[in-house]
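Listed below are the structures to be examined.
Next come two complexes, and both contain chain A; in the first it sits with chain B, in the second with chain C.
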Partner chain A sequence: MLDNSTPATEISALPATKPPKATARAQRGSGRRNSLARRREFRAGLAMSTPAILLLTFFLVIPVLLAFGLSFTNARLISPNPPRLVGFDNFFRAFEDPVFLQSLWNTFAFALVIVPVQSGLGLLLAVLVNQRIRGVFLFRVIYFIPVVTSIVVVSILWKLMYSEDGLINSFINTVTFGAWNGIDWLGEQSTAMPAIIVLSIWQAVGFHMVIWLSGLQTIPGELYEAARVDGASTWRQFTNVTWPGLRPTMIFVLITITIDALRLFVQVDVMTQGGPRDATTTLVYHAVRAGYRQQEVGYGATISLIFFVLVLIIALVQRRLTREKD
Partner chain B sequence: MALTTTKPEVRPAGRDREPGEGRLRRRRKLWAYLAMSGIGIFFLFPLVFMFVSSLKPSGQILSDSGSLNAFLPVGDISLDNYFGVFERVPVAQFLVNSVFVTVATVALGLVVNSMAGFALSRLEWRGRGLLLSVVIAALIVPFETIAVPMVYWVSKLPTLVFEGGVLKYDFGWLNSYQVQIIPFIAHAFSIFLFTQYFSTIPKSLDEAARIDGAGWFTIYRRIIVPLSGPAFATVAILTFLPAWNQYLWPLMVVQQEELRPVMVGMQYFFQLNPAWGEVMAYTTLITLPVLIVFLSFQRAFVSSVAASGVKG
Partner chain C sequence: MKRRSLPVMVSLCAASALALTGCGQAGQGGGSGDGPIELTMWTHSAGNPAELEVYEKIITEFNASQDEYKVVEESFPQGAYNDAITAAAAADDLPCLLDMDGPIMPNWAWAGYLQPLDLPTSITDELLPTAVGTYEGEIYSAGYWDAALSIFARKSVLDANGIRIPTVDEPWTIDEFDAALATLQSAGYATPLDIGAEDAGEWWSYAYSPMLQSAGGDEIDRDTMLTADGALNGPEAVDFFTWFQEAFEKGWASNAGTIGNQEFVDDKVALSYTGVWNALASIEAVGDDLLILPPPDFGTGPKIGGGSWQWGISSNCSEEQTEGARQYLEFSFQDEYIAEFADKQVVIPATAGAEALTEHFSEDGALRPFVELSQQFALARPETPAYPVISSTFEKAAKDIMNGADVKSTLDGAVKEIDANIESNDGYGF
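Moving on, here comes the complex of A and B:
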């Protein structure tokens, strides 16, 4: 900001040869003009932000406050009676609700696998397509195509591939020379969540590849030149130059993958509806089922609020980590 | 935000290399291409399978899945599935709805968010600090955390309805276009990107324009907007995809068939024994528009996503 004002000061310094009296009057005049200008600036700032302020208030601030408020009521979506305060009842109910506890565990298990695997594979892909060879951009585009494909489409497509006589079972059957009897991947309690994990990574890993890639490209090439002159192997170059340079990117990738993983909903809704026997019910799925499908908005808001607190904790961890760096 | 992905990839041929190095490099390159192609197949095969299957009768899709025929347009190939989809489901209506909702959300979002970004980055006014901290706090709030309370909230909001030639006052936004558009116009991350981009444009331009008597809105429209093409492109791309892919929200707030977007329209096929050929035709129909847009603006897409990484 200071840099930009320098040319202006230089220009105003030019007519400094004016008589002192005139300068004083000009200053007084500019003072009055300044306060007028500032009032106009205030009005312009407020006017241009008003649409955003109104919309953010109505569709972000109020819903967040409502999530808090409704958690302490027995509000229903459609009900002739006004909501009644019930204290912490919804919270007690949540921690006695086996489906809620199961969904909490499922969501964590999903995140626990997705976070390291997806960020690791994303980095591997980024290193691979960061080579200076002809046609590498084509591969970046190919790896990115699933990202622009809707997760709804991806879920239904993989549902077909996972079916008992579907592509995946046939493929395993072929490579094992017929020793494989197809299984219903989404219908078994033990395989449903792993199946969802695989397609989730397939869909999203290209996104994080691009983020890693932009991190890789901020590392100055001279560092690699220097390492090569010192005779460092490719692996040593990675551990001593690439990895330290990627720290800010790593924090960003880990946080976004974690929050994205906690949001898991569409895959479950399209492929398994939370089943078999709640093996794939997640926090968001349970909140929507309780708060919308069973119309218990109060309880749904409670689950949303617990989810919100989890996201908040992760964001605070991120702030801690980024601050350490500085 | 300046992205190096557009750098030329070809390196000038070095003459100072040792003789054996060329062969070694060629070998490494070959391995790199092999690895990248193998991974490429992994990313492409489901989509190829989808396109090819949309041309086959449902029975053949499953019987072909045991061999490479699953990925080849062989056997009984026709567009019957597509005709079937148009007969069974109001696809055209769903597509029109999605296009309308997406275009309106993105276009209105560009205006509202860029104006807020302008006010936040270039103007000094009371309340600026507060708005900026709300925007930064909002960056971390996933929509899913407020979705359920928001359904309750929009079902109580006042609205105007046109009934029998009379404009009437009513409550509840459910089952409308507005409920699919208005809540998603103001977007914290878009405001943040605009604010960042605008603050890289020299302030001396504003001052020069002010001396010429231009008002702040004129400065925004005549100077800042024309200089910010890349920021507008990035925000348009980053808001286009989620708008087209909306699922959870319209699932809850739109029950009326003629207002549904494409992703929710897919529910017609969620039955015990879906006709897979038609399902694949439907998913192809709703994926192709996005894929075409992506392939025509690939570099812009990839650099927009890379730009979204700057918020860390």
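Moving on, here comes the complex of A and C:
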């Protein structure tokens, strides 16, 4: 853009404006210039936000509104009969549906483990790869590779590794000198969910490591120098310089991990289909199963709506708990 | 210029996007005017070159045989096929000709995707009963073949363990079958039976609901089609599922392993409950030692699932296209083509005429026993629009039971789920 401080060039860019003559006109010109600039800003803003607004409207706002409407009907995916309003039937049904209740429990149990463990591990890795040593870049890449690998591929590979004669069992068998007889990790009710938790952390921890790392690198080095001058130990440096400096990052990591964890679906769909005996079914998986595979769109929408409200509440509570005190 | 560039670019993009979709739309209509009328045709056979090859042959020969119609084929992978049809139906954009798995046909007919087939009875009467799909008295689909399940065994293994070789007239009773499994297990087969439980999806209903029917239960009360109560949770069903659960507990069967028949080929299992499509590979590996046996009799005689992929005409087909689609189907039901499907795909040909032409299924063909099994024991899955829900509920219940869930309460839950679904659909028109 041309230099804004020279009115002549600015005005000459507008063909309709006559050349300025005197100070009065110059003043008027500057007033008009302001409103012009504002209008232009508004237009630019509109142009830049339009794609996002359009996409959000089509793929978020409208579906949410549709789901809201559908959840009070008995709409079907395939049916010659028009959907009928059924009031709150779907909601009553959900809270009597044992699979729904189990899904609710599983989803929150998963999130309850994932959120602290994954964010903690991510921070640990970030601190480790934040060292100024040779080859540290290699480690960053290694930890980040699972993130850029398709979760479907990761799930299929881990399914093979978890199988009764898979890599994990034969590894444990070898290191215990044959004392370990393989267990079917994904086939046992007690181990299926923990197995999915381990794989999920492995897959996603690299992403949060990078977020933590960016947070770490925004902390000015002088603060550490000052702390060292004061004789602070490494641990004191962490608690008094690093951790307070990471606060905004922490809030971001916490909220994204929570939402991600609550959305658990692909791993379950690929590896266990909710089994064994509903040990790994989740809210999203149950919504897909009910709404799409069993074709009850109305009921599926109800589950999604309940899910949406729960996630919203949790995000708001987190936001409130972590808000800046001042 | 700079100021304008962004809105201009946006509108340019929008305009070109519109133009592109416009072209796409225009391309689909096609075939009006002086050229031949285009008939779109979707198959689920991408990834199955043997099957696709025969279709391409039929289409080429049909297109060359007349100049009024032109069939244009498009194939989808089986996993995504039903979704593609549902999406196309929602967009009112179904192809004229489409194939479908037998048991889903009533659902699609009820939903208005399909129109009655109206093929001459001289064709449909010749077909195996399970290769013709009937819903509410109308024929909506017809197929070139059927599949059949059987138990594969090695003659040498059964002889060595003193196990009687069953026949179609005298199949194993369930007690004999249990005894055989116990014997084979103590003879060193850690898992004597590959029952196929590692598979997922429609396989469960296809493979295990015939066992349930053999025991005297069913997936739904076929007299009314309105409830599963008494059929899926009656004493016969509880008996069968208790057997099913115990088979896994005792280690007779397992849900580990790989899909397909490799464990049997490698002699890791003694018996394999599997389909005709795996038979050729097993003959190659086992040779004359291979036995193709009827499944055991759980009480009311052996049963095997009938109804494989079949063809229908969609309701989106215009009148003149429908005429062409019928001509194409009539053309395609030639014994020569049916025999080719049977040999290439290793499935049971749907006509007696084609049987004689095949290498594997003729009177002295190696896979002849399957024809007999299909004729004697084939039973279609329930012909109701509720079937997709029944199948998915059945699969979940059977898997839970396999994993140790209480039999009676799991079946009661499944019945409740199926009945609630039927009710919320106002009985699916029954």
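The rule is short, and it goes like this: the second predicted complex is superposed on the first by the 263 of 326 C-alpha atoms of A that agree within 3 Å, B and C clash if a C-alpha of one lies under 4 Å from a C-alpha of the other, contacts with A are read in each partner's own complex, and residues count from 1 in each chain.
Criterion: a contact is a pair of C-beta atoms (placed from the backbone, for glycine too) under 8 Å apart; a residue touches a chain by one contact, two chains touch by 3 or more.
Being a predicted model, the structure only gives us computed values, none of them experimental.
Shared-chain residue A:Ala52: touches chain B; no touch with chain C.
In the superposed pair of complexes, A:Gly187 makes contact with chain C only, with no contact to chain B.
Once the two complexes are overlaid on the shared chain, A:Arg40 sits against chain B and chain C alike. Once the two complexes are overlaid on the shared chain, A:Phe88 sits clear of chain B and of chain C alike. A simple residue count on chain A separates chain B from chain C, and the partner touching more is B.
By the touch criterion defined above, A:Gln294 reaches chain C but does not reach chain B. Once chain A of one complex is fitted onto chain A of the other, the partner contacts of A:Ser79 are limited to chain C, with no touch recorded for chain B. Overlap of the chain B and chain C interfaces on chain A: residues 1, 40, 44, 48, 77-78, 163, 165. By the touch criterion given at the top, residues 3-5, 7, 9-11, 29, 32-33, 35-37, 39-40, 42-44, 46-47, 49-50, 53, 61-62, 65-67, 70, 111-113, 115-116, 118-120, 123-128, 131, 134-135, 138, 140-142, 144-153, 155, 182-186, 188, 191, 199, 202-204, 207, 210, 215-217, 220, 241, 244-245, 247-248, 251-252, 263, 266, 269-270, 276, 279-280, 283, 286-287, 290-291, 294-295, 298, 301-302, 305-309, 311-312 of chain B touch chain A in their complex.
Of all the residues in chain A, the ones that touch chain C in their complex are 1, 40, 43-44, 47-48, 50, 74, 76-81, 93, 98, 163-165, 184, 187, 189, 273-278, 289, 293-296. Remark: chain C residues 2-3, 6-7, 10, 86, 89, 107-108, 110-113, 200, 255-256, 388-389, 392-393, 396, 399-400, 403-405, 413, 420-421, 424-426 touch chain A in the complex. Of all residues in chain A, only 1, 4-5, 7-8, 37-38, 40-42, 44-46, 48-49, 51-53, 55-56, 58-64, 66-67, 70, 75, 77-78, 125, 128-129, 131-134, 136-137, 139-154, 156-158, 160-161, 163, 165-167, 170, 173-174, 202, 206-207, 210-211, 213-215, 217-218, 248-249, 251-252, 255, 259, 262-263, 265-266, 269-270, 284, 287-288, 291-292, 297, 300-301, 303-305, 307-308, 311-312, 315, 318, 322 touch chain B in the complex they form.
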